[in-house]
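Going in written order, the chains are labelled A, B, C and D, and every chain counts its residues from 1.
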Amino acid sequence: MADLVPVMSVGELEAFMEREFPQMRMGADTTTIEAVGPGFARLRLGFSERNLRPGGTISGPAMMALADYAMYAAVLAHIGPVGLAVTTSLHIDFMRRPAQADILAEARLLKLGRALAVGAIEMWQEGGEGPVAHASCTYSIPPR
Amino acid sequence: MADLVPVMSVGELEAFMEREFPQMRMGADTTTIEAVGPGFARLRLGFSERNLRPGGTISGPAMMALADYAMYAAVLAHIGPVGLAVTTSLHIDFMRRPAQADILAEARLLKLGRALAVGAIEMWQEGGEGPVAHASCTYSIPPR
Amino acid sequence: MADLVPVMSVGELEAFMEREFPQMRMGADTTTIEAVGPGFARLRLGFSERNLRPGGTISGPAMMALADYAMYAAVLAHIGPVGLAVTTSLHIDFMRRPAQADILAEARLLKLGRALAVGAIEMWQEGGEGPVAHASCTYSIPPR
Amino acid sequence: MADLVPVMSVGELEAFMEREFPQMRMGADTTTIEAVGPGFARLRLGFSERNLRPGGTISGPAMMALADYAMYAAVLAHIGPVGLAVTTSLHIDFMRRPAQADILAEARLLKLGRALAVGAIEMWQEGGEGPVAHASCTYSIPPR
């Protein structure tokens, strides 16, 4: 997938998300897009009390929302600002109990077809021993 | 799995969730537990502007949070109030664009072992043509 | 999905599979279609030494092939003999170690759209305590 | 996961598989282990008429068996020859129609815990435009 070239910058993505998806930030309201590049987008879920669950760990739904959002950012970065892309499936494995700190997510496009985009999303924490979660996600994308 | 018998009532579950998981309701703050029975729990995600995404449809992350929460309720209903059960994986397929209305979710336990619980969660809307989403979920449960 | 009506009989499906997919039976060569009905197909994987793995249990790949084949049968039963339907994703959870006996699989269609079909497949053994495996599967289907 | 160190060589793995799992090769009988290294194993599914499905493409079940087998090889390479590790779940996305040629699979361990191992498996063909499939897999591993 080395031939993928982003068509939106981080700033353009952030502005689009802010304008079109204020609710998208639900459960992820401290999420920022850190970088986009050929075939990928990297996001950061800022640590917040709101994302905690008992035991003091970051909740699964917060990480699922992060994975979905990272994939959405990766797709839009490569096809342009299309609000109508929708998730058709998501699979996530949780590997390690996250510390009370930010989580980084990098979505990597495995396919960007006419109708479907497929990607893998890895999530980790700075200084951690390995990934906290790994997801696969498919988006249905509108005809271009 | 006909031999499964709930050990918590709807009221006990709701009280436990309210006390231990105020944050769990993130992205699902209008969710109520409607019923528990042998091997299952049924929840309702009340419609809310907050759960919308562009195009006026209910967001994927709101449904993922609902699936996870429904499975959690089904597990706790059968093992008792154990805050330390954690999701180890979740898979979800989105089948139909939901209408702007409540979503019902029924989690059915497929296995309730010593260390892992596995369940299937179907989500639908009253009057809809078929399920809006279907999920599989695995929880790691503490030794009893 | 109560409005689904099969357009192929068990005999027609078996004949089509035999003619077009001799290789499909790989890892499942003792598989028979037992029933088709509105929205579902039920198959039987006959017990065979070939499907065993160490410890004397039926191998995961044999059950994955069975799930995929059951979904394929359910889709074809409802859209007619179209060789070009292809699996786009499959998720499977293994719940119980199978006994050395036949495995039954029922694929239930959750969506049969223009381009995609989604189904859930439950696998069990006669006299068993609960399902041995549960799968979700998506097929891409050609324009009709 | 940089701290992972293989404890079996390619030759030791091949000999163990040959001795203990003659049936494991079902649907993958032309599969060889090409390399093992810190946290990964790489396998090759040799092209065979047997793995074809209509349309002349390599069957989904052949790739699922390959993903499962690659993960098994990666796990054993790091924990030693333990026949009793079993798959608890597998998720696979098929991205591109494979050409009639070998398929390579690299399984990368994301977690190697006391009871569970989680990995991601990427599958591709030499000269191809991108991955043909991507899988996630969880193995339950016996106490060591």
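What we mean here is this: a residue touches a chain if its C-beta (ideal position, glycine included) is under 8 Å from a C-beta of that chain, and two chains touch if they have at least 3 such contacts.
Being a predicted model, the structure only gives us computed values, none of them experimental.
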*If you take the chains that touch chain C and keep only those that also touch chain D, what is left?*
A, B
_Identity of the chain that, by mean CA position, is farthest from chain C_ = A
*asked:* I want to compare two interfaces, A-C and B-C. Which one has more contacting C-beta pairs?
replied: B-C
_Cα-centroid distance, chain A relative to chain C, in whole angstrom_ = 33
*Where the CA atoms of chain A average out and where those of chain B average out, how many Å apart are those spots?*
23
*Between chain B and chain C, tell me the centre distance in angstrom, where each centre is the average of that chain's C-alpha atoms.*
27
*Name the residues of chain B that each touch 2 or more other chains.*
88-89, 91, 93, 138
*Which bits of chain B are touching chain D when the two form their complex?*
88-89, 91, 115-116, 138
*Mind pulling up the chain B residues that touch chain C in the complex?*
1, 3, 91, 93, 95-96, 110-111, 118, 120, 129-131, 134, 136, 138
_Interfacial residue positions of chain B with respect to chain A in the complex_ = 20-21, 23-24, 26-28, 49-55, 57, 59-62, 64-65, 68-69, 83-84, 86-94, 97
